[in-house]
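Sharing a structure, written as structure tokens. Questions coming.
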Amino acid sequence: MALLEVVDVSKIFPGVRALDSVSFTLQPGEVHALVGENGAGKSTLIKVLTGVYQPDGGELRYQDSPAQFGTPMDAQRAGISTIYQEVNLVPLMSVAQNLFLGREPRNKLGLIDRGRMEREAREVLAGYGVTTDVRRQLGTLALGAQQMVALARAVMIDAKVVIMDEPTSSLEPREVQTLFGVIRDLHVRGIGIIYVSHRLDELYEICDAVTILRDGRLVHTGKLAGLERIKLVSLMLGRDMAEVRREGATAFSGAATGHDEDPPVLRVRGLNSRHKLHDISFDVRPGEVVGLGGLLGAGRSETVKAIGGAYHLDSGQIEVDGKELKKPTPVRAVQAGVAVQPEDRKAEGIVPGLSVRENIALAILPRVSRGGFVSDAKIDAIVDMYMKRLRIKASSPDQAVGDLSGGNQQKVLLARLLATDPKVLLLDEPTRGIDVGAKAEVQSLIDGLAAEGLGVVLVSSDAEELVEGSDRVVVLRDGVVVGTLTGAEVTTEDLMSTIATEAPREH
Amino acid sequence: KSEDSGTTSAAGAPSAGAQVVQSADPSAATCTLEQYGGTKVDLKTAKVGFSQSEKEANPFRIAETQSIKDEAAKLGITNLTTTNANSQFNKQISDVEQMIDSGVQLLVIAPLNSDGWDSVFAKASAKKVPIITIDRKINATPCKDYLTFIGSDFAEQGKRAADEMAKAMGNKGKVAILLGSPGNNVTTLRTSGFKDQIAKIAPDIQVVFEQTGNFSREEGQKVTEQLLQSNPDINGIYGENDEMALGAITALKSAGKKAGDVKVVSIDGTKGAVQAIVDGWATAVIESNPRFGPLAFETATKFFGGEPVGQDIIIQDRQYGTDNAKTDISAAY
Amino acid sequence: MSTETVAARPVVDAARLKAWLPKYGVYAAIVLLVVYNIFFTPYFATWSNLRIQLIQVAPIVIVALGMALVIGTEGIDLSVGSVMALAAAFIPLYLGYGVVAAILVALLAGVAVGLINGVLVAKVGLQPIVATLALFVGGRGLAVVISEGKLVDIRNPDFLYLGSGDLLGIPVLVWIAALMVLIVGFVMRRTVFGRRLLAVGGNRPAAELAGLPVKRVLITVYVVCAVLASIAGLLSVARIQSSDASSVGLLIELSAITAVVVGGTPLTGGKVRVLGTVAGALLMQLVIATMIKHNLQPSTTEMVQAVIILIAVYVARERKTR
Amino acid sequence: MTMTNVSGPETPAIVAEDVRKAERTDRVVGTIQRQGALAVLVVVVLIALATFPNFRSFDNAATILVAAAPPMLIALGMTFVIITGGIDLSVGSLYVLGGVLAAWASQYGILAAFLLPLAVCGAIGLVNGLLIAYTRMAPFIVTLAALLGARGLMRAISAEGSNTYLVQDDTFRKLGNGSFLNIGYQVWLVAGLVVIGMVVLARTRFGASVYSVGGSEDAASLMGVPVRRTKVWVYVLSGLLAGLAGAINAAKLGSGVTVLGTGMELDAIAAVVIGGTLLTGGAGTIAGTIAGVLLLGVIQNLINQVGNLNSNWQQVISGAFLALVVVAQTYLVRLRRVT
């Protein structure tokens, strides 16, 4: 008896067949992995299951009878609860309100019982390791904490199916374990779970079954246990197993490319920002990849943004290529050769309504123009090069970036940064939400860029990526540098122990 | 009643353009301090309020406000408050209410609208504040809700415009009306007065076109431009104020018409319009005299002095035509 | 690039129409209206009629162009009518120093208002509708104060040439509007400023992080909009042959916004349709002209306008797939 | 830039304490910001009390309140609309239309005088809401069309505005001009509705939906909030309140005046924004709106108190004052962000 079933479902967007006769079955109590490259159609399938999109063909069956969900509300009422890829809560409302929106506890008069709502919210969230004032605006929480609120909300509903689209992409390891605990609990209670993730370790840790999509088509479905890891990846990529086998866990070469004797291309001294950053100092030499390690909320994003001129600093000194960057603003930073890839690509990265071409050329307009008039030929040459180099999948350079899959949006963003010919590249979670194929491409790209002499600062919550990708790791905690790992120290174990044990240095 | 019968001059010899009361019909209703139930006050020291309806941004309103202020100064009235509703009717109501609250003893109001004064009357009658409405009449009971009305007869103005138009067109042809702002009772009366009179005296004149120009020169011009395209054979244009008529004349000029091809008659009596008669583009202008100051304060003085004052003081409006435009232009405002 | 994922397109006519209508609906509506008028409105299909319609629409087109740019940055400018009034107020004061001086002063007034709007929006961070509301209220008052409430007749023939003269058989006014359309179209298509403007409207934080001079772009946009409005203001004065600060450009902000939106530029920013804006203004002009020529009452005109706006915008609305 | 932190970074305990303090400051400043309009109102009123003897009278206060009653209703509806991220430009026309309908219907009694404007204006609000919610047309343009359409309708039923219907029903008229405790009945009515509005917005699921739709429409819809229904309702509400405002105004004026000033919608928007509601939606309070409406009313009153000011200067001053208040508001928000 299947819990949820789709038969031959298709979904067509202008120019893209996002789902092409895909069939999929979810059993009760099953944790079913849904995997595929960026743009394979995972999110689209989920949105079809939950009534966000109406399928263009095929059938949807729920608990053995044909079903049709006109809105997410319908699906939710029927017991299908979803955590979407991008955190989908209301940032301006309080944590408690977000948790209870639409099913607030009410008093005898039918009015919302605020006290009870807040009390219950505190209790529920404590179970997910989030201890915060539930009256705070949700938007002021870190992404990870927001994701936990979304999770708590989804599970609180009396759900029979819980769908999670890349729930761990913004969680820290401790939070991931909390999540897995919840999933196991749901599994025991016979609830079906659809789990989308690009992190293969996670899949093998908690999933029973797997369905693999490629370019909108179903390529494999079955038990996960028997499926070799390499086989899974090759199915996803549609490439030969042997070819995949040659590549490691990440695409980083591991060879240090920096030279200690070179003068630093980026020198950061004593960055201070009230309550957030305290005396942050480090150097980046040309050709070096410096990782910024730490838990969520450690201040890594703030550090990166501050260097890029987009975060208020009370004091501190930034030098790029020996020249001081005075009173940093994004304009001055870009001019000085600093390129920042923000953490939240939807809100601060791409311009969704503009085409791939416009997005890539955005920051270099003065360079491809004369006297204020742009040269389309110059732009086309650059755009063409980066689309090829980063293998950006778009129907044409004129496609709106908002219509691309997450991974491709990220690549467009990277292309924009690289086009500015930066001296220092600051990457905040560059591979978040990117499939294995694209991830490898981005990683080897970072390596290549470093080899070309760029200074790179890498922020990543993926410890493995951070360790393999960085020549040196600066570890932050609560806005303070708590240690630096160099040479042989750059290992996951050392990183974890530095984060966990070492107390902040005292002067 | 002839043109110049029964003129009781306002204050001695009428200066150029001063208002003149139409007729002092002895049987016409009057009002006294006793009837109204107010108290006697000395105007010089009294608190007087004047509520203007529209911005002082056209000749009529500028002249009207200025006339009130000048006369007050002349009479030595030091405590005059003026407000302006900027064409917002609700603002005029609260402006007036606020003046009543602050204890004015005489109100002169240029109402934006003839109806809708209930709350003001309720407040004013409690305090027995005499109200003189000028230029537009309020639909209520004189000597009870308000003291008296001083102003022109708008329907009569329309009628006189019709007479002039009929004369100029030789009692036949097609005429277009440039209406004032919709919903305004000046518009309504100037329209009905004109149309009724045309129907009566010159049934061969057809009103073929009626569109609003909102009392503005620009819109008068725009509408006339459209009119000339759709009715190239138009013979006469009646502008319900001078501004629209002047806009119409600009349109006529740029459409290649010659002065006098299309007869233009309008109401108000501004300098520009009278000049247009001199230049030959306009045929006649019926005056609507805005200089209410002397008459209003004279009425108030009489009222507080215990004398009876008329409940409906209709002023006599001049008229400009080809015969007198040149000589009388100095009286225009 | 994934050319293989592109679905084999079954060429359904309805679907094609669906894609076509939002883009070309305004033009289709204009054609329909013209055809109707040719058959049912006497003297419509004449050169002099076309001339009048173009002359009347020219100032609205000029203002709407600036408005389209502001709307492209996800803003709105309510103060355009007041700017026209200010320009009108300055013309007679400075005409004594020559036409050029008067025009320069009028344009400077536009620059000043635009700077205030721009600074309030970009630097102080006010929401555009409120920032420009202040000058919408105060600007016209100031204009009337400057002109002392007087309507002044303009007689300078050089200046009047702008409003009623012809060049190669086409009114100067129309030439100027056409020139503005070309310039704005060119700016949006080919210049750094145009592209930055769209990026700022499409995602302001992203534009900021990408190192674009966002504030400068915003201030420039409001200045350009106000300067265009002051051009419209001085042209209106030249056309009416008199300067009346209290009435010139009254309610033009609504006409301009309507033209922009009917022309297919979304109020959410990130996109500007220059030709669409011209078409939007023309459509509304034709609607009003048709109503007047058929001597319909204001009530009917207003209700018909409402319905046409709704239909035009419905057809041209952004189709979201979800 | 120099290093100011000579003693080096604080210990974690101090950092935590610091963060707590920051959060507290944040809340305090947040409250001031939310009540910014009220603060400005208090300051303005205090200055006025000290400067203008005529401002001090009870009558004057009552006049201000009565004059503010219809704008308050309109701004109340507008607050709901703006919190959903929308805007309603049609309210000014609906207000005039409501007044004309109420005056006409008063010949059939007081009930009719209320029900007809509510029904018609509510229906137009419904059309606005349906178009906005189901066709994704921009609220600005839909309600702009409704502004024209409603005005056309008003003119069509009043012989192009020349026909002013007089209020026939004495009870209805009484409601407009009578008072309780020397404060007009309308003020009490509006106060009651405002309190209900506050409760609805802050303490009901509908209110929560309103905030969520404005805060993030996509998220709200994915969280199962009936986004479209919420939008439809706020426009219906706005239409109803505008119609009601028109009706009580007709009761006060004793007739269905057709030439009530335009621009009422912009005043309402200004009041709501001054009250701290974000035009982008998702945040705002009715308490702020009350302060915003009263502030505009008091400014108007003060300009009259100055007396003999040329009408054009009055407008310049209104504009400047508006800018000043909004800049002050924004500055308070900025203060909050920097901490």
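Here the chain labels run A, B, C and D in written order, and each chain numbers its own residues starting at 1.
Heads up, the rule we're going with is that a residue touches a chain if its C-beta (ideal position, glycine included) is under 8 Å from a C-beta of that chain, and two chains touch if they have at least 3 such contacts.
Keep in mind the model is a prediction, meaning the values are calculated, not measured.
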Chain D and chain B - chains in contact with each: C
Which of A-C and C-D has more C-beta contact pairs: C-D
Chain centre separation (chain C, chain D; CA means) in Å: 29
Whole-Å separation of chain centres (CA-atom averages), chain A against chain C: 42
Separation of chain A from chain B, taking each centre as the mean of its C-alpha atoms, in whole Å: 73
Chain B and chain C: spacing of chain centres that average the CA atoms, whole Å: 37
Contacts with two or more other chains, residues of chain C listed in rising order: 144, 149, 298
Residues of chain A touching at least two other chains: 52
Multi-chain contact sites of chain D, meaning residues that touch two or more partners: 155, 160, 310-312, 314-315
Pairs of chains, among all present, that meet the touch criterion: A-C, A-D, B-C, B-D, C-D
Contact footprint of chain D on chain C as seen in their complex: 76, 78, 120, 124-127, 129-131, 133-142, 144-145, 149, 254, 257-258, 261, 266-268, 297-307, 309-310, 313-314, 317-318, 320
Residue ranges of chain A in contact with chain C within the complex: 12-17, 39, 47, 52-53, 215-216, 308, 310, 330-331, 333-335, 340, 342, 347-354, 358, 361-363, 365-366, 369, 372-374, 387, 392-396, 416, 420
List of chain A residues in touch with chain D within their complex: 52, 71-73, 76-77, 82, 84, 88-93, 97-98, 101-102, 104, 106, 110-112, 114, 133, 153, 269-270, 272, 274-275, 278-279, 312-317, 326-327, 478-480, 503-504, 506-507
Chain D residues within the chain B interface of the complex: 54, 57, 59-60, 63-64, 66-67, 70, 155, 158, 160-162, 164, 166-167, 173, 176-177, 249, 252-255, 257-261, 263, 300-301, 304, 307-308, 310-312, 314-315
In the complex with chain D, residue positions of chain B that touch it: 52, 55-57, 80-84, 86-91, 93-95, 97-99, 101-103, 112-119, 122, 139, 181-185, 187-188
